[in-house]
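In the two complexes that follow, chain A is the common piece, with chain B as its partner first and chain C second.
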Partner chain A sequence: MVVVVTAPFHAPAPEWSHVYRDVLPMHLLETILLLGGTVLLTVVIGVLSAWLVAAYSFPLRGAMRWMLVLPLALPTYISAYTYASLFGATGTISLWVHDLSGFRPDIVGLPGLIVVMALVLFPYVYLPARAVFASGLREQLEAARMLGARGSRRFLRVAVPLARPAIVGGAVLVAMETLNDYGAVKYYGIRTLTTAVFRSWTGLSDLGSALRVAILLLLLVVLLLWWERRSRIHRQQATDAVPMVRQRLTGKRAALATIWCLLVLVSGFLLPAGKLLLDAFTIDRTDTWAIDLIALRNTLGIATGAAFLTLLIALFLVFILRHERKSWTHGLVRAATLGYAVPGAVIAVGVMTAAGTIDRQAGLSFTLIGTIGLLLYAFTVRFLAVAVQPLQGSLTRQHSNVDDAARMLGASPGRIFLRVNLPQLRPAILAAAMLVAIDVVKELPLTLILRPFNFNTLSTRVFEMARIEQLREAAAPALLIVLCVLPPLLFLDRQLARSEG
Partner chain B sequence: MRPLLLLLPFLSACGTPGAAPTDDTPAKEVNVYSHRHSDTDAQLFKAFTAATGIRVNLVMADDDEVLTRMEQEGANSPCDLLITSDAGRLGQARMRGLLQPIRSAELERNIPPFLRDPDGHWFGLTMRARVFVYNKNKVRPEQLTDYNDLVRPEWKGRVLVRSAENLYNQSLLAAMVAHFGTETALAWATGITVNMARTPKGSDTDQLLAVAEGIGDVAIANSYYVGKLMSSSEPEKAKARENLAVAFPHMGPYGTHVNVSGAGVAKSAKHLAEAIALLEFLVGEEAQRLFAEGNKEYPVRPGVAVADVLQRFGELTPDTLDLAQLGLNNATAVKLFDKAGWR
Partner chain C sequence: MSHPLLSVSDLHFAHTGGKAVLSGVSFTMPVNEVLVVVGTSGSGKTTLLRCIAGLDLAQRGRVVLDGALLQDEAEFMAPEERPVGMVFQGHALFPHLTVKGNIGFGLYRVPKAERVKRVADELASVGLNGLGDRYPHQLSGGQQQRVAIARSLVLRPRLLLMDEPFSDLDRRTRQQVRTEVLQILRAHGTGAIVVTHDREDAYHLADRIAELDQGRFVRIAPAEDLRKEWAQHPLQG
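Right, the complex of A and B next:
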């Protein structure tokens, strides 16, 4: 992280004036448009779905409740490629529509990308919104109902404002995922800050300029995070965990609710996953499966390793936050968790540069780069936030009374953490481990750059096949990614559901 | 116990070859950083190991990231051989001091001089041409003899080509800059942009499929993508196979723009002899034939047959421009694309 921030100030950036004048403006504009559109759409889809599923009873509600989480199993670039192969200008469904009607749909473009990304990312808003709607608002909503407010009014005027911090939190995650994406954005021809980073780096061979654009990216994220904190501070968090009483829908309204949920589920998950299944089983080459299975083993290995390492560091950070209250601890944690906002490739370069420096200073006879250890370290830098958040969230719910009692009995902070805090943190630790693992399985650019020899992961396989335009062969590893991510995802959702009642 | 169990898959994935051999005899191996296709290469590396007993360790990544990685690794870099899919990057690798010159009669005899570095820093292994692919029901080949033809007004709204972010387009424009200067190159890029049927999106193959669909009438694409499309058996590509044909445009007095996929020995190479052995193997008959047949690329070795499908396209007269120029002019090309509005 330190390298990325300090490099622009002493790295040469010969092409900067060109980048600044001709490249940045359009890229900045399209980034903001993409961000705005995607966030807006994810909030609409996520909040609406969460409300329906939490507040009402309708056919298939039970299944929809957890199935609406499924799109998270699809990495954005896979969903984007699959949609392009169906609805692109020469896509299967587009051609069919064209034959029937003369109209040629083409999803590849900014509006299309916004829709595709929103369909895959909305669970980030759906999940927290659902949690709040389902178990935090009963009394307020009851009060509103007794005052005569209709359903939609209760929703808009009571539920949504009270859930705002959760919704904003989810929206910020969506924004960060959108900013970070490279594969989907590049394929659809959209110019974002992230593509500008790569453009300067590879097209203009100007790493210095690339890093400066990365700084700009970081600033944007810091802005977003600051806005999110602001919205949290001035709001009272609804804290009671009383489960909602659901209102039964009938007739037309019930049908509408079911149809909406089905539509979201089909377009967000079933359609792309179905296409992947079809492609995976219609290729006639069997030798690629063997390579893919090895990639599967490698993917599971690094996911586990990264989860382990990240958790270790996250626990340490959370320990500091809890027991060593100094003025700089908050800043330290926040800085350490910023990695989530930086594109994977930029982190890879930062880590590579740092490792190169260490190699030279320490006079090592081998290079750190290309070792599994460095790869795992880079994952930690990138995904620390993902582990810290659930741990911190759970820890704040532990009253400090017990800590204080232990301290008065003479226990050191370390001992308190190990014997008092840690056992209660166990569900959060599991959740954090799974979240990191899921992210590592889906990750691409960082793995691509830092991996050791002969090391393929499922995502690098998808990338390589897509790069040589053999999208059919990319379907099998893509499907394996989805299958890897599904179990932990659904498990996490069950945990959440249990706490929602 | 549970945490330890979690570590198991992680440990098994750690067993990667490369730095330390597991037995006492030094393992004969060569470490390759590559930005090429995976499958035919995998076959070739296996054949190489079977023939020589030298193991090939492979890392694949994007061109510039590989170069940056090599730079950071410095003298400790385990890379012995760098393989790229574009000559420009090889030139850059040389400029950044990442390659070392080698002499090999075998390589010099079997690779034409314009397809390798004069000082032996890098060697082209396969050749690819950037050609025009057109709808034969709507276009006559006589209309497409020069790259400049597509700039004419009659092509407005009919040209399909991928984004300027792609290396192959950048190399094409870099070649124009080398031959004719920035003004002419800019004029060409601007002319093409004006004539585009749609804003660039998708891959080379997408452009070809779009021509078959009537979205445009001519596409600019690399020869091996056309070769692969024309010899594929997928039903969705049938329309393309039946309606498309290839033209080899000239660049003024020069031939058709070509590029190479090639390799160079890393300066930090610890397995020098093995790296050279692999290079010579890749330029040998068996390897060149596999490149030609398996990947539909043009072999560099004289005497190796070009794939049937490519032969049917017509005769290729390559531009013999010194390919190091492609790397030198790449940044200029990118800036010209920006000026022309070619996305």
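Right, the complex of A and C next:
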């Protein structure tokens, strides 16, 4: 971060004036349009689906509750490629429609990308909204009912305002994921700040300009975080923790609820996943199978390594937080976990510049750039918050009396943490490791910039094949990503559902 | 003889796959009466209120309010349609709305000018003049309690259900709020069922007191009778 933030203090290269004048304005405008559209649509889909599933009983509701999480298994770029191969100018369905009607639909463009991204990212809003609707608002909603409010009024006037902090929190995550995306925006020809970072660095070979664009990205992130924080001021999120009593829907209303959820599920997951499955098993894979397997091995390797490293540091941080209850420890943890808010491309150029400086000045016999170590370090910077959050949440629920009791029995802080706190943290440790691993498997821009030479992960392999328009060939590694992510995702959803009651 | 305000017959409720919570509760209530339901924890007091409100669906039984059928084997009127108000334990105020917003919440079908007037009148009747623009967290426990009552009474319900309405209040505030609540109910001519486990609440509020035990009414008696009995056995209950 220091490297990125101090970039403007160095003299700019001549390329900067071109980037500033010709590149930035359109990239900034399209970023804002993409961000606004995606967040808005995501909130509509996520909140409405969460409300239906939490507040009502209707056919297939039980299955829909967990199945609506499935789109999270699809990285945005994979879904975008799949949709392009179906609804792009030469897509299967577009051609079919063209033969029938003479009109050729083409999803590739800004509106299409907004829809595709919203269909994949809505679970970031759906999950926190569902949690609040399901077990945080029962009394208020029942009070509204006793005051004569029907379903839509209870939803709009009570549930949504009370769940606003959770909804905004989810929306901010969606915005960050949108800012972080590189594969989908590149393929759909949308100029965003992330593509400007890549363009400045790879196209113009000007790392300085890339860092300056990165600052703009960071400013957007700061704005988003400010918005999220502001939404929590004077907003008490009701948390009476009593499970909601669901109302039974019948007739047309029940059918409409089921159709809505099915539509979201099919378009967000089943359609793209089905297409991947079809492509993966219908094309000849004898040439590429071995390469895909190596990419799978690499992916699992770095996911495991990054999860392990991130967990170790996260555990150290929560230990400090628990046993050094001072303001500086909170500041330290907050600073260390800022990385999740920062787009992968920004972290990558920052880490790369820092590593280059170390390489030049320390006179090492090897270079840090292009090593697995640097890649793992960058993952740790980016995903530390993902690991700290569940650990901190779980540790907060452990009463401090227990620590005091252990201390009175002569245990040191280290021993208390190892023998008392840590054993109770086991489910949270597992959840934290899975969350980090899921993110690493799906991550693209950071991996693309920092990976060692000739080192492919599943995500970079999908990206490279999509870049040369081999979308059907990209299906197998894309499917492997989904298969890697699905089991931990479903496990985490089950844990969440249990806590919702 | 005029018909009773509320008539409940043979009300049964059990949680899915669980033990019966209400096992054939029957009673009637005349207009304007304050009936206090007492009983130990788990005796079914809150469930009784929720079934009358329609928030829990009784498996069997008939509920008639002011001559209108709320529920029987074939019919079920949704809670939002019932002319019944409810004050929840813990108040359940909407934290994102002001006092005026809370009180006016149920008046959304009423024209704005009339709504503003009714909210102002209700604020005055519960002694909250000047506090209309505050949020619930800016009020004391007693003031929150009055907002919760005003919010229900502004809709002019035929019956008010109150679930442990004073449990969050300290002894002194409790006494004061209890007296005020009774005055408000009398002034509005509203009948009420108040659930409490506190004898003092029952003693001061009730016209009649009903004792609920394991889902059945074991006794319904004029409050005066039980007051005398409790005076002789001050340590029990």
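Structural remarks
Keep in mind that, in the parts below, the second predicted complex is superposed on the first by the 435 of 501 C-alpha atoms of A that agree within 3 Å, B and C clash if a C-alpha of one lies under 4 Å from a C-alpha of the other, contacts with A are read in each partner's own complex, and residues count from 1 in each chain.
The definition used in the following text is that contacts are C-beta pairs under 8 Å (C-beta built on N, C-alpha and C of every residue); 3 or more make two chains touch, one makes a residue touch a chain.
No experiment lies behind these values; they were computed from the predicted model shown.
Judged by the touch definition given at the top, the superposed model places A:148 against chain C, while chain B stays out of reach. Of the two partner chains placed around the shared chain by superposition, chain C is the only one that A:162 touches, whereas chain B remains out of contact. Annotation for chain A, partner touching more residues between chain B and chain C: B.
After overlaying the two complexes on the shared chain, residue contacts for A:188 are found with chain B alone; chain C is out of touch. Contact with chain B, but none with chain C, is seen for A:453 once the two complexes are overlaid on the shared chain.
Of the two partner chains placed by the overlay, only chain C lies in contact with A:245; chain B stays clear of it.
Taken in their complex, chain C has these residues touching chain A: 53, 55-56, 78-81, 84-86, 88, 90, 92-96, 105-106, 108-109, 135, 137, 151-152, 155. Listing the residues of chain A that touch chain B in their complex gives 15, 18, 22-23, 84, 88-90, 92, 95, 98, 104, 108-109, 186-189, 191, 195, 199, 201-207, 287-288, 291, 297-298, 300-302, 304-305, 307-308, 345, 348-349, 352-353, 355-356, 359-360, 364-367, 369-370, 372, 448-455, 460, 464, 468-469, 472.
Remark: chain A residues 139-140, 142-150, 153, 157-158, 161-162, 164, 234-236, 238, 240, 245 touch chain C in the complex. Those residues of chain B lying in contact with chain A across their complex are 3, 6-7, 9-14, 16-19, 31, 37-39, 42, 57-65, 68-69, 71-74, 76-78, 92, 163, 165, 170, 198-206, 209-210, 212-213, 215, 225, 228, 234, 236, 330-331, 334-335, 338-339, 343.
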